[in-house]
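Structures given as structure tokens follow.
Each of the next two complexes has chain A plus one other chain: chain B in the first, chain C in the second.
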Partner chain A sequence: MKLRRLWAVARKESLHVRRDPRSLVLALGIPMLMLLMFGYALTLDVDHVPFVVWDQSGTPQSRDLLARFTASRYFDFRGAVGNYRGLEQAIDRRDADLGLIIPPEFARDLDAGRAAALQAVLDGSDSNTASIILGYTQGIATGYNQGVMLAQIRRATGTSPPTALDLRTRIWFNPDLESRNFIVPGIMAVIMGLIAALLTSLTIAREWERGTMEQLISTPVRPAELILGKLLPYLGIGMLDMVIAVLMAVFLFHVPLRGSIALLFFVAGVFMVGTLAQGILISTLARQQLLASQVAMISTFLPAFLLSGFAFAIGNMPAAVQVITYIVPARYFVAFVKGIFLRGVGVSTLWPEILFLVVFALVVAGASIVFTAKKLR
Partner chain B sequence: MWERIYTVLLKEFRSVLRDPRMRMVILVLPVVQTLIFGYAVSLDVRHVRLGVLDSDQTPASRALVARFAGSSYFDVVAFPRNETEARRLIDASDTAAILQIDAGYEGDLHGGRTAAAQLIVDGSDSNTARFVVNYASVIAATYDSAIVLDRVMRQAGHTVPVGGIDLQPRAWFNADLESRNYYVPGIIANLVMLVSLMLTSMAIVREKEAGTIEQIMVTPIRPVEFILGKCAPFAVIGFLNVAMVALVGLYWFAIPLRGSFALLLLGTAFFLLSTLGIGLFISTVSQTQQQAMMTTFFFFFPAMLFSGFIFPIANMPTVIQWLSLGDPLRYFLIIIRGIFLKGIGWSLLWTQFASLFVIGAIVMTFAVKRFHKTL
Partner chain C sequence: MRSEPKSSAETIVEVQNLAKQFGAFKAVAGISFAVRRGEIFGFLGPNGAGKSTTIRMLCGLLAPTSGSGRVAGFDIVREAEKIKTRIGYMSQKFSLYDELTVEENIDFYSGIYRLAKGKKIERKEWVLTMAGLRDHRNARTAELSGGWKQRLALGCAVLHEPPVLFLDEPTSGVDPNSRRQFWDLIYELSAHGVTVFVTTHYMEESEYCDRLGVIYRGELIALGTPRALKTEHMQEAVLEIECERPNDAMELVERLPEIKEAALFGKGLHAVARSADATPAIKAIQAALSGTGFHATKVERITPTLEDVFVSLIEARDRAEAPQTEVLR
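On to the complex of A and B.
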């Protein structure tokens, strides 16, 4: 392998990139767009749930319960309705996500020490939002029940008993539970996968389609030089994307960066080499741009988006799908990036992830060199 | 005219489906993807992995642990012996939370004092953490009430009637809050959009890159005929994909189809009008397949995320909510979810159809005009 020839291929490839400024702008613009979208617009947080009430009781007790809902920052009171039909309409028209029905005997049951029914009607079609809302509702109901119990005990015995159990919750790494801190580091892995899919997957297929591969074959360039030379310019673009992403995460979105920056960029480079080589491998095998782009999209971007755990927790997937995630390199990179950013851990904790990424990069780069050699012969 | 359209259509079908690998990509992969993603896309939190650091080791402390283990929300998976081990479990994401009970817990509890326990939650996954905090506090509060009541009864020597709210949740349309029912129809819509956009946007650029577009220009074919012939195969593929993937949803995931299948196909037709138009437009403004692909993606990604597929539109900033009004996927999602889950029909969905039609008509006209110019 001669460095001079490798360099020549790299220069030729970067000329291609430079002659197509639009692709270059998109290669830098798409990651920024994704970060802006996830940083500002997309959130999993459910706050200010609009709700309506059909209060058939109309007593101090029912108003006390309602006050707990209106005082919570999770709920926004959107008005009272006079009948079931009104509640139904409010949910159908999506004016409200939650409808509370307080029955006429609510206060009577409470005073008699019986269980008083409280019906909560939710639109279940968005199950995630619905279960979060249900959780909040349950939290308020439990708090209210504690109050009722204490009042009953005071009435019966004349004393107020002390709390028995005090569970103190401490939240590590992200005390305000900002979903931005959770999503932004993970999205970096998705961006890197995407660059590989969009840039390198087409590069060799293009040469085959245009017939310029024949010309390359007739030069003394060796497969390893060809692959590494093709990889270099895109590695440069990818790392530039990474720098932009880290800067935006830290200075624009104020995601805490607690671990080593040097380690972050080193492992990002390793991950990039692996995914870029995967793009080149697809390109070599497909030899046709349409096919290569489809396969690359399916094998790099979509798994990075869906199976990496960046937003959808892997632990909640069925076992068979969890097994598949073990061969998705983005999974390891997401775990690594989150470890560096939020937990501030280092090699001693993250070595399995780093090891996988190194092995993956070596194997895939090796495979693309071997397959190119076969095709060239 | 029809003969010429038919010729282009046939040629396009052949050039796309000639390669057996391409046939696989178009016809088999959407099914495989639906299978995997149908399982993967879910924000449900169930079975949170919990570690227990019990330094008290008494019947009382074990009773508290049992309250957590007995709930369907938590799985006790680890028993670290000290804080260092507990810390390592959280650092390595082996557990999402640690319940820590210090020595003296039982003494406090039996002495009528307030016994303290700690819950350490890994906040880096904010979605799971929110859930953990909420349910842990519900479990703790319920348990607290039971103990307090028990103490009072023992002191007073008689029972105190204590009522309270009995919460009865009713989730409409999806009683078990099964997230698959919500996401799988959305995945169908997304896959169809991705495939039809990519195929169309590459279709004309490929001819440009290969230089064959010049040859087509010298034939007697008219631009409209050319476009129709180019789009028709992808429309057919799009319909085929919807049908196949819908079957997977119905029979594999057992998603209920409460509405009319014919209406769903009609919705697909309206939706394809706009995705094919956008693909065509991208094709006319791109010089190489790479540019076409990247531009497609530049459109597809925001369109997917601002459509309400995963992230609720109501939680987005107002400007984005307005932007999403121009997103055809948004309307198709409402149609496809409405038909599958709610079984609603034309009377409630016609506005969505109208919006799709307007977007489709505008985009198509624009693309065709632009195409005339580039020729």
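On to the complex of A and C.
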């Protein structure tokens, strides 16, 4: 391999990029746009659940119960309804995800020491959100029961009962359980993979389509010089994307960056080389720009989005699908980026991920060189 | 250019039974020929005859289905990559980078050919001067006219001073003036000892070649100097007829028993007699055209042009093949 030729290819390729500002804008703009969209829109947190009430009791006791809902940041009171139909309509129109029905005998039962009924009607069309709302509602109900029980015991005995279990939770890495902290590093990894493969998927196919490849393969240029030369400028763009993404994560989304920044960028570079080479390999085999870009998109985005564990826990997937995730490079990069950002761990913990990414980069780059035939078909 | 011994007898390109098949289609059906160092060798044939396929096999861009060949001392099957260091190639389609400037294209290829620093500058200036692009070195290649593009492509193909140059229809789509200039460059390269292998379907261009191979339906149907082709491959007399209404006259002349074939040529007709003796044919034509108001001003024997030879060779081939297909059915 001759560096002189590699350099000539790299220089030529970067001229292409510079002469086509639209593609450069896309290469830098798409990751920013996607990060903004996913960072803000893709939140798994459920709060400010809108709810309506059909309070048939209308007593201080029922209002006391309602106050527990309205005071919580998890619920948003959207008004009272006068009958069952009104509650139905509110849920149908999606004005409310939760409807509470307090029966007329609520206060009477409570005062008589009987269990007072409280009906909660939930919109179950989004099952995940519904189960979270159910949890919140049960939490409030439990708290209310405990309050009543304590008051009764205190009235009867004059003392408070001892606490049997004192649970003290401490949540590491993401103490506020903000889903953004966990989604942003994941989506960063997904976007980097997609962009990298898209960037290079066009390069070789474009040369075939325009006929410039025929000229190029009539020269003594070697496949390795051609592939690595083409990779270099796009690695630059990819790393620039990575810088932008990290800056956005830290300063816009306030995701804590606890680990080594140098290690983050080094491994990002390794991951990028593998994925850029994947784009080149696709381009080499497809020899058509449209086909190559579509294959690149599907082969990077889908597995990275669904199988990397960036949002959907791999442990919950069927065993067969879990096996497939082991060959998805994004899985390792997502785990690595989350490890650096949230857990602040280093090589001693993340070496399996780093090792896989290095091997992946070497294998794919090697394959793209091997499959670059200097022959016409 | 290269200081290699120039011996006229030395063979620099040779192929034996070279064939290329694409699926069921025989693009090149076993051809053999040799090109001597310093020669301008023309490959003449209609579109789809197998010219480009042959040139691509010689450049190591396409693996032959069968047969063998050597270019600049290397085997075209086993040593294709070595051949690539010793040749310049210009494909049919313009294949430099449109969005790069003239200078950037030259720099790219001098990097690919790893020219030494001093050489690089010298060759760049040579290409710019040769192509007449000194004042346009910073122009985007896309903005250049056809003739300029062609000369620039030639320049990039010979940056490394290759001993053999392959040009695949280099002048297609270029105006006659630029075409002439381009051939001046080819002559200049040839004068410096470069072997030029060029394909064309322009008759007048094939006259510029030292030697010609006529390729038709993947087969080499004639080989020789333009002069030899005109005399040896054309034993029958060729007649030139100047008259009015040449279209109608052609139909009439074609039906004469003394005439093998007739074709429109310039303002008149060219007719091929059935024998080497022109006299009976001339008499028959004069008789046929006398009474019907064609006002034939000239009916005489001429030296055949390459086009006459080409048309006659191809028609002979078609006639020879027709009975075979008949039998096969």
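The definition used in the following text is that the second predicted complex is superposed on the first by the 338 of 377 C-alpha atoms of A that agree within 3 Å, B and C clash if a C-alpha of one lies under 4 Å from a C-alpha of the other, contacts with A are read in each partner's own complex, and residues count from 1 in each chain.
The rule is short, and it goes like this: contacts are C-beta pairs under 8 Å (C-beta built on N, C-alpha and C of every residue); 3 or more make two chains touch, one makes a residue touch a chain.
Predicted model only: the values in this text are computed from it and were never measured.
Placing chain B and chain C on a common chain A by superposition gives a fit, with no clash between them. Applying the stated contact rule after C-alpha superposition, one finds that A:A164 touches chain B and leaves chain C untouched.
Ranking chain B and chain C by residues of chain A touched puts B first. By the touch criterion stated above, A:T219 is placed in contact with chain C alone, chain B being left untouched. When both complexes are overlaid on chain A, the residue A:G211 reaches chain C alone and has no touch with chain B. In the overlay built on the shared chain, the residue A:Q119 is in contact with chain B alone; chain C does not reach it.
Judged by the touch definition given at the top, the superposed model places A:R4 against chain C, while chain B stays out of reach. In the superposition on chain A, A:K12 makes contact with chain C only, while chain B stays out of contact range. In the superposed model, A:K375 makes contact with chain C only, not with chain B. In the superposition on chain A, no contact is made by A:F251 with either chain B or chain C.
Superposition on the common chain places the nearest Cα atoms of chain B and chain C 12 Å from each other. Once both structures are placed on chain A, chain A residues 20, 210 are touched by chain B and, in the other complex, by chain C.
Contact residues of chain A toward chain B in the complex are 20, 22-23, 26-27, 29-30, 33-34, 37, 40-47, 65, 91, 94, 109-132, 134-139, 141-146, 148-150, 152-153, 156-157, 161-175, 177-179, 181-182, 194, 198-199, 202, 206, 209-210, 286, 288-291, 293-295, 297-298, 302, 306-307, 311-313, 315-318, 320-321, 324, 335, 338-339, 342-343, 345, 349.
Residue ranges on chain C touching chain A, taken from their complex, read 56, 59-63, 80-81, 84-85, 87, 89-91, 93-100, 104, 107-114, 156-157. Of all the residues in chain B, the ones that touch chain A in their complex are 16, 19, 21-22, 25-26, 29, 33, 36-37, 39-47, 49, 64, 88, 90-93, 96, 109, 112-131, 133-138, 140-145, 147-149, 151-152, 155-156, 160-175, 177-179, 181-182, 194, 198-199, 202, 206, 209-210, 287-291, 293-295, 297-298, 301-302, 305-306, 310-312, 314-317, 320, 337, 341-342. Touching chain C in their complex are the following residues of chain A: 2, 4-5, 7-9, 11-12, 15-16, 19-20, 210-212, 214-221, 374-376.
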